[in-house]
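To start, the structure itself, in structure tokens.
Per-chain numbering from 1; labels A, B, C and D assigned in written order.
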Amino acid sequence: MADYSASEMMIVASARELVDARVVFVGIGLPNIACNLAQRTVAPELELVYEAGVYGARPSRLPLSIGDPCLVTGAMSVVPMSQLFQYYLQGGLIDIGFLGAAQIDRYGNLNTTVIGPYHGPKVRLPGSGGACEIALLARKVLIIARLNRRTFVERLDFVTSPGHLSGDDSRSRLGDYGQGPTAVITDMGILRFDEKTREMVLASLHPGCSVEAVQEQVGWPLQVADDLTETEPPTPDQLRIMREDLDPTGRYRQ
Amino acid sequence: MSKVTTMKDAIAQLVRDGDTVAIEGFTHLICFAAGHEIIRQGKRDLILCRLTPDLIYDQMIAAGCASKLVFSYLGNPGVGSLHAVRRAVEKGIPAPLEVEEYSHFGLVGRFIAGAAKLPFYPVRTFAGSDLPSANPRIRQVADPYGDGQVYVVPPLNPDVTVVHVQRADEKGNAHIWGLTGMQAEAAFAAVRVIVVAEEIVDEAVVRADPNRTVIPGLIVDAVVHEPYGAHPSYAQGYYDRDTQFYLAWDPISRDHQALSAWLDEWVHGLSGRADYVEKMGAQAWDKLQPGDAWSGQVNYGQYR
Amino acid sequence: MSKVTTMKDAIAQLVRDGDTVAIEGFTHLICFAAGHEIIRQGKRDLILCRLTPDLIYDQMIAAGCASKLVFSYLGNPGVGSLHAVRRAVEKGIPAPLEVEEYSHFGLVGRFIAGAAKLPFYPVRTFAGSDLPSANPRIRQVADPYGDGQVYVVPPLNPDVTVVHVQRADEKGNAHIWGLTGMQAEAAFAAVRVIVVAEEIVDEAVVRADPNRTVIPGLIVDAVVHEPYGAHPSYAQGYYDRDTQFYLAWDPISRDHQALSAWLDEWVHGLSGRADYVEKMGAQAWDKLQPGDAWSGQVNYGQYR
Amino acid sequence: MADYSASEMMIVASARELVDARVVFVGIGLPNIACNLAQRTVAPELELVYEAGVYGARPSRLPLSIGDPCLVTGAMSVVPMSQLFQYYLQGGLIDIGFLGAAQIDRYGNLNTTVIGPYHGPKVRLPGSGGACEIALLARKVLIIARLNRRTFVERLDFVTSPGHLSGDDSRSRLGDYGQGPTAVITDMGILRFDEKTREMVLASLHPGCSVEAVQEQVGWPLQVADDLTETEPPTPDQLRIMREDLDPTGRYRQ
């Protein structure tokens, strides 16, 4: 057995995607811990932006919410949300945005709004929050999600946040927006998007996982990269930072 | 003339059944004290507006105060669902709830348009999303300088906005630091404004640092002095966000009976926030006390 | 990595002939030091943008740096005309000057649109005015929620914006207090940003009061330490506006020869702002020194 | 001879117009001194707003410019210009705006842009500044101007700031704006606007001035009110405040 959990692998893999990023838009939950880990490891110059209105946070603890007081004290700048959304996000200053979702399709379109019909839903989900604009306006988007067939579906019940729409050039035809999702980091592997078709392709398997096990959790016939690789496992240092500094209560470990 | 009054009187006089109400504050400075007083006074048919309904609207909707919700993120941040809101939307318990839904940026645009008295506000979001098809108030206009279209949202002008602040003078001129969220826009957009302050200070304290004044008394109708009035949300420098409360709310709110019992004990069973503060107990407040992190000060200069 | 450099290098490397340049600051924090260096380096064909061209652009236009002016108020505030600008517009001296004209609010809208990367910005002004007929870039769009029309302006994105500030760290994270004018929007809208600071401070000073940070280092290309760099404009808390200079400029600027002689003495004849400060003399600076008016400080709280 | 100048009469008459006003948008020059005088006399609760971004100024001296540091120290609120123009002025919070002009027509339309043709002007004037939006968005507008035939003209060379346009309901047809100019305060008398035609009417003569002398300075046949009155002269107290406190150098006296 590996001495780390699937969640920890997912967080470490996410943090590694930030290696060259300068400014990241941080979301609630796993993205939050991944960004904080990246800042302490692969990207010490990384600046954290929170939709609450914070630029350059240096959180002294891992906050439950993205509007926590620890994000404010010692931050570089705190601005009204009108300015954060307009001048930072819409202004094109965000290199990478993180998103999760209840449903994801093969083109990286995301649903966080409803399961079932919009009017009279089976499950009413949280909705967009800042996700729709992050999906459109960040230069790149990273998706974090656990693989399972309820999440990775053939067809979304609702498109909250556009990915590559129907593939090919359908996103670029929307107008002058960011390039959309570039990777989906899961608990079993990393998926990227084909340069031409923009369909999701399994690019890397986490140690101990198989293509078949991944396909089992995906609701469409999954493309697999010719040069499929194995994800490098978390280093002891990364595990120590996560366990001791960022998540001492183990909230994000399982 | 002083505008200082009690929460009871402020809500009784300024909030009417059927009003569009915004108790704003993004995570920070959410005025639970005002929400609880609205529940106690049994206000009905409110159209509640907030980016994140948070626990405050979960409680007000469970109490039957609202007929409609205008929002952009319907979660208990970092915890999960707002179960009372979900029960109302999914099952009509305790009553059906109409929803009008935006993204954060869309609702930010609505508040800006409301404050600026603009007929619409352009936001470069929504493209490729199903949100415009779910909400016909999200529209498009043609760019007169190119051939593209831009999404726009209409102004939002609440009948009443409640803004919690760290300190205000007795006319409502208010300093906010830390997250200022949409507090300025929600207040400027409103017909009536209630300012709720952790501290009432002399006008001279406000005038000593005019760049810190987010709300001018000019737009304020009532000022309420209500220490700890934002708990379990927080006031930067005054008390911490009560993370344990947000986590504990999840099981309570999953069950309408449990939630109603909570409202009986913590809202209906108390006369106001002072009671609530006492019931919480000194130890609870001690645990939420932050250490010091002073801003330093700047010189505005005396010019004669 | 530090971005601190000299004014000479900042202008040489970041301002190019033909650039659209905004040296912003509404009355407050107008960076004359940058304008003078641009004159000294003989930059040409600049498109100069400012709400109020003020003496800084009067000097730059007299020196032949500009081919076009984008503005909204063409006066020496409280004194009278900007004579050099008028000579260029009315008589083509020293060279013809194209003008593109808005109202203040119109140009404010252009900077907001530029900062927010919006294709246009709606402003409820211009109705009934001849300004739209004089400037075809002022257009209208139909309100999709009613039957009215709203005037709009296009984004303004300078190639270079120069922002003078009271204090910045070596990466350009800057605190401004007093009038903040259009400094944030002009900087966020620009391709390249030069921050000129009265003081360079440790990053910890900026982080101690993040609500005071108007410019994030993220958008800054160069930081110049230039005390008194805004004179005869002013820096709140550091030195007063030099009213006598603004009055004295009127007779100088009425005559192109007199103005050129002034430029020879105070710009071309000096190597930079440090020389200028010395030439002005200690007595002049003493007279502009304000008394103290401290802001007081707030507690952000230490959260662990 | 009166013991006050025509300018002083004009300033005092302007200050008196502010008797019930709560929030005034203060311009450069004479409006500046009139508002400061009103705050010290007829309207102690008057809040001064300056386009530079200041609400609730308590200036310790009479500033030359509307962006002077003395307007900031001790003010109630200082905001970015984007907020001042949008939330205060466009937001409908300004009761009264003051305007002056190089040319004024009988409907209170104002020119501060050019004398002569717009392209190739004889005189290039300052332009709008905030005047166009003040003219449209303040609830009421007061115009201050010295009477003379070059200023009070039959036809403007350029409409910078709309008054009552071509009279009657032409302004209200523009849309949901303020009610426009309500008075023109001059060095010889006060003109108001006919309720129906919206044409300027001489309503009050300053002491020592005649209808004929006023008509002499106006470029169209001037309407005179049936109940033409005489303006009350400045009180000794008003003169003392102006001369000792507000304008000790006598800059605005002549």
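Heads up, the rule we're going with is that a contact is a pair of C-beta atoms (placed from the backbone, for glycine too) under 8 Å apart; a residue touches a chain by one contact, two chains touch by 3 or more.
It should be emphasised that the depicted structure is a prediction, and the values quoted were computed from it without experimental measurement.
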Winner on C-beta contact pairs when B-D is weighed against A-B: A-B
Mean-CA-position distance for subunit C and subunit A (Å): 40
Separation of subunit A from subunit D, taking each centre as the mean of its C-alpha atoms, in whole Å: 57
Centre distance in Å when subunit A and subunit B are each reduced to the mean of their C-alpha atoms: 28
For subunit B, residues contacting two or more additional chains: 112, 117-118, 124, 148, 177-178, 180, 184-185, 208, 211, 236, 240, 290, 293, 300-304
Per-residue overlap in subunit D, given as positions that touch at least 2 other chains: 54, 68-69, 72-74, 78, 90
Graph class of chain-chain contacts, one of line, ring, star, complete, other: other
Chain-to-chain touches, reported pairwise for every pair that qualifies: A-B, A-C, B-C, B-D, C-D
Residue numbers on subunit B that touch subunit C, as the complex places them: 117-122, 124, 139-146, 148, 150, 152, 154, 166, 175, 177-178, 180, 205, 208-209, 211-212, 236-238, 240, 290-304
Residue ranges of subunit B touching subunit D (in the complex, touch as defined): 112, 115-118, 173, 184-185, 188, 203, 206-208, 210-211, 213, 216-219, 300-304
Residue numbers on subunit A that touch subunit B, as the complex places them: 28-29, 51-54, 63-69, 72-74, 78-82, 85, 89-90, 109, 113, 118, 121-133, 136-137, 158-162, 165, 171, 174-175, 177
Complex contacts: residues of subunit D adjacent to subunit B: 22-23, 47, 54-56, 58, 60-61, 68-70, 72-78, 83, 86-87, 90-93
Touching residues (chain side subunit B, partner subunit A) in the complex: 26-28, 51-52, 71-75, 77-79, 81, 85-86, 89-90, 101-106, 108, 111-112, 123-131, 134, 148, 177-185, 234, 236, 240-241, 243, 246-247, 290, 293
